[in-house]
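Next up, some structures in structure tokens.
You will see chain A twice below: alongside chain B first, and alongside chain C after that.
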Partner chain A sequence: MEVLAVLGVVIRLALVQRTDFARTLDQRVEVSTPVTSFKRMQEGVFLWRNNINPYEGGVFHQAPLLLALFHVLDDRMIPYLFILLDILVAKMLVEIAKHRALDLKNQTWRPFFPSKEEKEALLAHESAESKTVTKESGVKKSDPTIPTESALVPLFVGVVYLLNPLSIVTCLARSMLVFNTAAVVTGVYFAVKGRQVYSMFFLALASYVSMYPVMFVLPCSMLIAKSLKVKIWPNIIFEQPFSASPVSFLLFATFTIALLGVSNVLMGSWDFLESTYGVILLVPDLQPNTGLWWYIFIEMFDQFRLFFLLVFQVFVVAFVLPLSLKFREHPLFVVAVFGIIIATFKSYPAVGDVAAYIPFVFMYQELFKYMKNLYIITHLGFSTCILLPLFYNLWIYAGSGNANFFYAITLIVGVAQVLLLGDFIGAMVRREWERGEGYAFRGRRIEVMLK
Partner chain B sequence: MRRLVAIIIAAWVSISASAAQSTQHETLHLHQRPSGRVTAHFAFAQSVAQSQAHALDDIARGFGIDEMALSFTQGTRCDSIATKVGCRPPGVVLWAWMRNNHSLSSVDTRWSALTNALAGTFCASLNFITPENSAEPQSSFTHSSVNSSLSSLRYASLPREITCTENLTPWSKLLPCSTKVNHLAHIKDRKMKPYCILGSKAGIASLFNAYAIYDADYHSMSVEVSRKCTSDTECTTEIRQDLVVALDPVRKGYQRNMDWSLQFLFGKEVAGSCPLNEIETNILVTLPKAEGFEFEGKVKPVYNDEKNAWVYSLELAKQFSMGVKYSDSKPDLSEKSKSTELIQIHRHLTGYGRERGGIKIRISNRDTKPRTVTLLEVLPWFIKLYMHTLQRTTYHITSQEVLSLSGEVVNQTLKYQPAIPRIRPSVIELTATLPGESITVFTFQFDRAFIKYTEHPPDANRGFDTGAAILTVHPASRTEKEYRLFSDVLLIALPTPDFSMPYNVITMSCTIVALYFGTVFNLIVKKLEGLDDSQLKKKWWMFWVKERSVLGKK
Partner chain C sequence: MNFLNWLVLVLGAASATNAAGGAIRVVEDMRGLDRAALAADFLSAGAGSSGGGSGHTNNWAVLVCTSRFWFNYRHIANTLSMYRTVKRLGIPDSNIILMLADDVACNPRNHFPATVYNNAGRYLDLYGSNIEVDYRGYEVTVENFIRVLTGRHEEHVPRSKRLLTDDRSNILIFMTGHGGKEFLKFQDAEEIGSHDIADAIAQMFEKKRYNEIFFMIDTCQAASLYKQIYSPNVLAAASSLTGQSSYSHHHDMEIGTAVIDRWTYSNLETLEKLERQDKNTLANLFKTYDSSVILSDPGIRTDLFPRGIENALVTDFFGGVQTTELTLEMYKTSEKQKVLPADVKVEFDGRLSSAQKDTLLEKPRYKLKVVLPQTYLINVPFVLCFGLLLTGVVVAGSV
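Right, the complex of A and B next:
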């Protein structure tokens, strides 16, 4: 496994020598978007060095602190910085996976005794004191209905990230998405470790870079609460002096304000807000990407544009609270689900977003056997990886296809990710049900209905 | 230059003589090249004093204009030797110096008002000049007579604007001798030719035959207005109108020879000189050969060494026609259109596909001295420029050896205004010194923006025209004058969406959003429940499904 991890790094180091390769990747719409492109960053740095406000024009849409960083950095160092960040991400993922493996080991299953008498007794018992039974703990290792899980190998999760071609191309293209992924993963890592201040700082940094990671604040504060063994939210005010979420929100807000303040001091004006977050929110740059937004807003009737912008943005964040409440026992799972939602429905998604959530999905490998469409999803994933660049070339370069070709494939990417999302949540729901309430249906091919 | 001085002197004389009179001047210069092509340059000048009325004077006064130039051009086969006013890029080019403090409104408001007023005057779509394609150049178009601290400059071009008779008619109405001859007849001469009375123009303007002019390889129609005030109340507006038409008698005639006449080229004759006072109507003819030809027509021209041309002076109300017949009328087609201009600019696109691209600008300097030039590029916002990719290579004109720049030659300043989508264009002003006998190539890259389907023109796959780059050649010495060169117009094709798709896209994309919402909502809200036997009863159509053992109700 270590060999594979090293291989991932070696591939990056080998390919980084080919600068033309990096440049080509940076020009691919699937890999770099208007808000993450390295070429646009170079343009921003050039404008800034020439005393032209980079946020004035319509090319540069990235955060001022990143601009300052790339202004300072030596050009030769930049590709290695991205590789370093990727290694860091993999390392953090391994740490998170270690925590997750421990969590999985400690998971309790409601005991189930397959003999008929016992079952009847249990049912009688259940009807007598209906809800207290579910609280019953203590795993019987001999219980044959409890599925034997293959243990989660933490390093494997890191390897999934490092060897994923999607993360390799994102890293080589020097997409700013790597900063976003690194900040989110670091935030989750510190949340898992219960380091509230660090966690919120990195999440604030991630949101500062690309806005959408603000969704992770709630699950991360739940992770912090879980790890510190405190309540997520105070029941009655002042009853318990420390509860994770309000403090987290406060810290997050403070850090965000601080980061924006520093940016303002750096740039000397608030112009950057419109050119960074304004672009993410209002989508004025309609360059194609793997998401759903670009074509709908190219084709949108002008009078409905604002309405659909609102609808699309609301759908991204609509399930933040419901999902966090539903899976309050599994904040890390919520993080994974939010990863999928963001990668599917954010305004400028790229393949790097997919590469960022896949390791989190792999942390829940015990769910795979509950997923019905995994085969289809995997195949859709592979085929779209081939068809996206192919159809883009047909449209833009060969001229033998039109925009609909590429659009159709982005639709399939959307379908695949929505299927994955549904399957992933569905599997979790099913497993949780079988662990507790639905113990009687464990391990059987049985019809289960949502009611 | 000399002519300009003459006009100014004439204007001055006329003002001092009688302020109520305007001075006019019209010249037709027919310049034939060895290839047989005849460039006809109609030049009209007039000076409108304070008390007189003229549509352009009204505009200049109303919008606080110091100087203004407008040109309508079509065709690219312009002969820079034969054209004294220079070659202009296709479409419409307009620039104006406008006074900053004006009682009415700001410069930008007046600029849009000016474009609308000119649109009405010339019956052209100048109202498409908006802030989205207007620029404020800093170091191009500088002019000694305008105080740049008191006035602001606005520049815009519409490269796709097509010029035709509907523009020529209002343009020729602004000429000094535009009034119909029959109207003037009672003042000057009651014995006009009948066809004059029917409404054609007098003077050289009577040659304006739309069929001939718009059949030309190149035609450019321009107006230059400049307003000078000696005191607060005493202002004169000088108006220069030029029409350059490149005609080809070799192409036009059946004999494929160089012989031509006014009747042959324009299908018309000159209806005498302009019947107004102070008018000097001249026809100048420059021929490629010094001998071996003879002039047709009643009047014979006089050779003027100074002007290097044969000169006809027109008389009032006397039909005039002329022609040239060569003894050897075979055109010398081997003669390449070798330009004698010292500095030349050429621009083209690089790259392929509809996503990325680059622009390459090649400026050659044949002069032995280094020259300082300013390159002005105004590019629409949907061309997303990457100025960090700007590169310069300078090499020797004959040896093609790359020159390493040093000393004063190396100085190069870039003024760059990034475009704001849908609001303003990108403006690049690059001032550079070109070494003597060198070719300098500038390259930079751009991305073609993906724009909304409503922002595409009706024939979207043709692409967008982008205005010509303007090269301002700064004077090397005090005696020289600054002049401008225009590059080629670029046609940039943007990636197009499928224009028939709006409903389909909204439907399909929203289906995915609905799928997402429905799935997740169901999973969150609903609870799982195992089905009992009764619910799992085999349906009649499930004959292939095996009976399954089902646990009882939970």
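Right, the complex of A and C next:
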């Protein structure tokens, strides 16, 4: 497993040093979007070095602190910075996965007793411990209805991220999504560890770079509450309907304002807000990408534009509260679901967003057996990976296709991700139910018949 | 008086002598003269002509080619030749109304694209790159021609398309195309009659829109078109009399059409020899017409022209001559400037007084801000604030 992780890093290094993929990948619309493109960052840095406001041109839409970072960095060091960030992301994913593995091991299953006698015997035997044991620990299983699950290997999650071709491509193209992913994963890592300040700082950084990670504040505050209180108090507190650390929100707000203030000091004015967050919110640049926004907004009449912008933006953030409430005992799961939602519905998605949520999905491997559509989803994923660049080439370069070809494939991408979302949430719901009240129906197909 | 002003005057006088064809009269003392008498004196002086001057102060030209299509190449060439002549002799583009169908230079049948020649030797490209066609293509209509002459335009018509003459303007009206007895065909779609032309010129007289008109027309039976004019101070010349056709001069084998008409060619042969200061009269021009060469009898109508063709210079109509008078008096252009009368002598000792310096060196109204490219853009406040933020986070996080 370690070999695979190292292989992921070696592939990146080799591709950076030996080949010229970086330049061609930067131009692919599936990888780089107007708000994450490295070419635009270069443009912004050049303009700034020549004492021109980079936000005036309408080309550069990235955060001022990133501008400052790339201003001071040497050109040759930049690809290695991105590889370093990928390594850090993988490391932190491994740590989060370790926490998740522990969590999985500690999950309680309500025991199922076929008859009353067995129940008495089992209760007498297991009065002290309320834990189930799995096959790997060697102790005999007490309840045969509990499914046999292999423990989560934390390093596997890191390998999934490193060897994922989508993340390799994003790293090579030097897309700003790497910063986004790194900040989010770091925020979640510190949340899992219970470090409130650091977690909120990195989440503030993530939402400063692109707006949508603000959705992660709620599950991360729940994670913080969970980890803090589990350490200090037993499960009684955890029974409360909704425990999130309220201080986290305050910290997040403070850090966001501080970052924006620092940017103001750097740029000298508040003009950058319109060019960075205004672009993410109002979507003026309709360059084709793997998302669902560009096609509909290109053909929309101006009088409806604001309405549909509102609808689309609300659609992204509307699931924050309901999902957090429903899965309040599994904040990490909520993080994974929000990752999928963001990657599907955000205004300028790219394959880097997909690469960001896949490790979180793999942390919930026990849900895969409850998912019905995994086969379709994987095959749709593979086919869209091939068809997206193919149809883009056919449309733009060969001229024998049109935008509808490419748009159809983006629709299929959306379908695949929505299927994944539905399946994932459904699997978690089913599993939770089976763990709790549904003990009689574990592992069985359920048919509902109306009489 | 001020040395610089004196210098300007002398140089101006020198250039004016070169540019204008007229004599320069330097009025020494303006205060003693009666203004009205001065004006009358100026206007009657003319361009230093022999005998009675024309009394005009500006020249205009209306050059109309009424034909379109490729086989009427020669009519475009006629008009453009006249255009070139009047421009060469001094009438500016702002005083020329050029009406052409303008469909031969870029015609697909033109072997020499973007050119118009009036000679088989193709010595001179008349189309060039600085001709200004005011009415082109389908804008050349009878209605537009009459509107130009009478000055009755709609509000939106730009100034470049208007004949902005006054009662001191000499106008050259040149028309060429296909004509018949008392009519002229416009663009193969409509025609103008001789009565229309006469009435338009009468309107111009009523509105005092001309001083003198020279009406030239090169069509078949051209003389019939000027027959009905009844306004004073109009001189007319035509390529042929009623009942006669006008002929083209010669073909160009590679262009494939005739390139010039005979009467216009005859006029040009004389006009090309003239310069701006030329003192030749129209009578001399008309004497050069040879019916056996033109193959038609040119018609001249002088009964409406009391001045007489022996007194009218060619440059009265074809050139943009202007009488110039210089004065040594200065105009006041700013509050600080003093008007120096001519009889006050100011010693120039090589140094300017402060008052004179102020008038000469005015401060610029705007400030130039020089922006140097900065290479070090991460400024200190930002570094401080960012450092503060990071330390704050670290400190708060470790608590």
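One rule holds in what follows: the second predicted complex is superposed on the first by the 404 of 451 C-alpha atoms of A that agree within 3 Å, B and C clash if a C-alpha of one lies under 4 Å from a C-alpha of the other, contacts with A are read in each partner's own complex, and residues count from 1 in each chain.
In the analysis below, contacts are C-beta pairs under 8 Å (C-beta built on N, C-alpha and C of every residue); 3 or more make two chains touch, one makes a residue touch a chain.
Because the structure is a prediction, the values reported are computed rather than measured.
After superposition onto chain A, the partners chain B and chain C occupy overlapping space and clash. By the touch criterion stated above, A:294 is placed in contact with chain B alone, chain C being left untouched. By the document's definition of touching, of the two partners only chain B reaches A:395; chain C does not.
In the superposition on chain A, contact of A:418 is made with chain B only, not with chain C.
Of the two partner chains placed by the overlay, neither chain B nor chain C lies in contact with A:7. In the superposition on chain A, A:198 makes contact with chain C only, while chain B stays out of contact range. Shared-chain residue A:321: touches no atom of chain B or chain C. In the superposed model, A:386 lies in contact with neither chain B nor chain C.
Of the two partner chains placed around the shared chain by superposition, chain B and chain C are both touched by A:50. By the touch criterion defined above, A:265 reaches chain C but does not reach chain B. With chain A used to align the two structures, chain B clashes with chain C at 114-122, while the other stretches in 24-32, 114-122, 240-248 or 276-284 stay clear.
Of the residues of chain A, those at positions 50 touch chain B in one of the two structures and chain C in the other.
Residue ranges of chain A in contact with chain C, taken from their complex: 48-51, 65, 68, 71-72, 195-198, 201, 255, 258-259, 261-262, 265-266. The part of chain A that touches chain B in the complex is made up of residues 27, 29, 39-40, 42-43, 45-47, 50, 52, 54, 56-59, 123, 284-288, 292, 294-302, 308, 311-312, 315, 318-319, 322-323, 326, 341, 344-345, 395-397, 399, 402-404, 407, 411, 414-415, 418, 421-422, 425-426, 429-430, 433, 437-438, 440-441, 444-451.
Those residues of chain C lying in contact with chain A across their complex are 371-375, 377-379, 381-382, 385-386, 389, 392-393, 396-397, 399. Residues of chain B that touch chain A in their complex: 352-356, 381, 384-388, 414, 416-422, 426, 447, 449-454, 495-498, 501-502, 505-506, 508-509, 512-513, 515-517, 519-520, 522-524, 526-531, 535-536, 548, 550-551, 554.
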